[in-house]
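Okay, so subunit A shows up in both of these, paired with subunit B first and subunit C after.
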Partner chain A sequence: MEATLSSKMAEFMTALDQVKKYRTLLASMTDFTLIVLATVVVALSVNISMRLSTLFSGANHGPSIAVGLLYLFIFPAGIITAVFWVRRKMKSVKVGQWKNTLTEGAPGAIKLLQSLEWESIFSGIRYAKLGFFLYGIAKILAYWGLTSVFLFISSGVVEVVLHISVDYIVVMLFSLIIVLILSRNDLRKRYDQIGRLDWLLWELRWFESEFRGANFEA
Partner chain B sequence: MKKIWLIFVLAVIIVAQVTFMSSFYSTSTHSYVSGTSAVVVSKMKYAYASTVIHIMRSPFSSPLTLIFSNGTQQEITDSSYTIELFLPRTGDFVGTYASETIISTTPNSPTDSADSLPRITLSSKHPVDVDVVQSIPSNFLSWHGNPNYGYYDRIDVFWFEIQGEANIFITVSGMAI
Partner chain C sequence: MNSGEPISKPNLYVLARIIKVLKERRRLNRTTLATSTGLSYDRLVKYLEWMSSKGFVEFDSNGEVLLTKLGTETYDRLVNWILKYVGNVRFPKFSE
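Coming up: the complex of A and B.
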């Protein structure tokens, strides 16, 4: 009985740790947006400088190939940095601090339950759901941008080599389809996870009302 | 809260950058010419235009002669010759951007009906233009000093003649502000 209680409690605390990570994910969305927007600003600035340089210095004395290549890598580099930044933030979340308390068995489990702030847990789960959803969308948009840049470059090469011009709307749609196909597992995982978080919220609400009604001595 | 403001500022900068980028234009053309032809580069007075003209001549054909609008002649014996041309901004925008005024003219021609002559089509959405005209009449250059169209207070035109056989690649980058 005590072992079951400890294992259930461990499961529950692991779920709460996950919620804590997703809350950090939502908090990191601001940083993610900042990094992506800053990257766009830098990329557009370089693009404008290249255009001005071509216009006022002549095409033959305009930006060098190195600057052109650098320009192509700014946006992908920004997105990769943003994704890694968010991951780093999530990894820095302290989890498993409850493990020592749980080694005490049933009294430890009850002590943990009594130390929980239920309202903050409920709001945490709601934020976690939102963060998980928003990050999924932001990631797909960022990967869409990345794929579009790659396909635009490829279509440019195709146009030069094979003289086949590809409409940019087709390129954008094609990039979106590729990203959705490649992210289908991630999307499914997110959908399931949001469902699980919903379920956890309802179960905890029920458990909290039961727990409040009972008296435990730790 | 500071980060939200930073996001707002970055978004405003992006909007400004995209708006500024919409003032850049580019166009290009490629043509094979023989006999007497002309290259005509035109732009709205409020636009800048930078043009690169690559002239590729077969090494087996006779030399090319370029005749510029001021009468200067240049003989080209190399197989590849490049002309870079910068047309500065010479006037302000006249009219409104909302009502798209398209200027379509055959510059300096005595009549409007000369369909084979260079057709300049400029508008606020297309403020730079380039055209290669084949088989121009012998008095083409003489029209230069005698513009008979009212559009000349709104557009700048630069042209030169090419006598001979060549492939011409022209790229024009422009900015209208």
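Coming up: the complex of A and C.
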């Protein structure tokens, strides 16, 4: 009986740990956006400086290929850095601190239940859902930007070699379709996880109202 | 034996700890029990007084503390009571 309680409490606390991790997604969104924006600024600065250098010195730097290569390196590096930064932040969240308390058995389970701050847990789940959703959108936008740049450069090469011009809007739409197709598993997983967070929120709301309303008579 | 207000509403965690230690060790003197439960001696004595008034513990001629049948049953009831609530929560499985 005590073992069942401990294992159920471990499940309980693991779910709350996961919420804590997801909640950091929202906090990491600022970092993610800043890293991606910084990448854009760096890429544009390099582009502008190379064009200015060509204009003023008259030197031939071969801007289309050089800038294209530069974009190809700067954008993926920025986006990969941003994604890894967010993952690192999520991994740095301290979890499992309750394990030691739970080794006490039933008293440990009681202590953990007594220490739960329900309002903070509920708002944590709401923030986790928002963070999960926004991070998904930010990732899609970043990959869309990356694919668009890659396709713009490719279309430029096609234009030079084959003399076929491709409309920018078509390139943008095509990039979006590619990104959505490649991210479909991630989108599905994200949708499922948001559903699970909703589920957890309802379960915990039920538990909190039942447990608070109940009174153990010794 | 002790000072201060008697316990009117005990902390369930402290109560459960005392009972669990007594369940495992059967009989203990107050000092050892205080050490095993991590409570201060005064606080333990207050809890023991409360538990004794409810019939959960009794003291032998040497002053050692023993858990009564009612104490054991109460502990089991407490575990069952929590399990009734926690056990009904269905936790979703999250992926990393």
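Heads up, the rule we're going with is that the second predicted complex is superposed on the first by the 202 of 218 C-alpha atoms of A that agree within 3 Å, B and C clash if a C-alpha of one lies under 4 Å from a C-alpha of the other, contacts with A are read in each partner's own complex, and residues count from 1 in each chain.
The rule is short, and it goes like this: a contact is a pair of C-beta atoms (placed from the backbone, for glycine too) under 8 Å apart; a residue touches a chain by one contact, two chains touch by 3 or more.
Keep in mind that this is a model prediction, so the values were computed, not measured.
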Query: Is A:Phe207 touching the first partner subunit B, the second partner subunit C, both, or neither of them?
result: second
- request: Check whether A:Glu104 is in contact with subunit B, with subunit C, with both or with neither, and answer first, second, both or neither.
  value: second
Message: Once chain A of both complexes is superposed, is A:Thr33 in touch with subunit B (first), subunit C (second), both, or neither?
response: first
- prompt: Who does A:Tyr191 touch here: subunit B (first), subunit C (second), both, or neither?
  reply: neither
Query: Is A:Tyr168 in contact with subunit B, with subunit C, with both, or with neither (first, second, both, neither)?
result: neither
- prompt: Is A:Trp199 in contact with subunit B, with subunit C, with both, or with neither (first, second, both, neither)?
  reply: second
- request: Scan A:Phe73 for contacts with subunit B and subunit C and give back first, second, both or neither.
  value: neither
- prompt: For subunit A, which side has the bigger count of touched residues, subunit B or subunit C?
  reply: C
Task: Please name which positions on subunit B make contact with subunit A in the complex.
output: 3-4, 6-7, 10-11, 13-14, 17-18, 20-21, 24, 48, 50, 52, 82, 84, 86, 171, 173-175
Message: Touching residues of subunit A toward subunit C in the complex: what are they?
response: 1-2, 4-5, 8-9, 11-12, 14-15, 18, 104-107, 109-111, 113-114, 189, 193, 196-197, 199-200, 203-204, 206-207, 210-211, 214, 216, 218
Field: Contacting residues of subunit C [partner subunit A, same complex]
entry: 10-13, 15-17, 20, 54, 56, 74-76, 78-83, 85-95
Message: Going by the contact rule set out above, which residues of subunit A touch subunit B in the complex?
response: 30-31, 33-34, 37-38, 40-41, 44-45, 47-48, 51-52, 54-56, 58-60
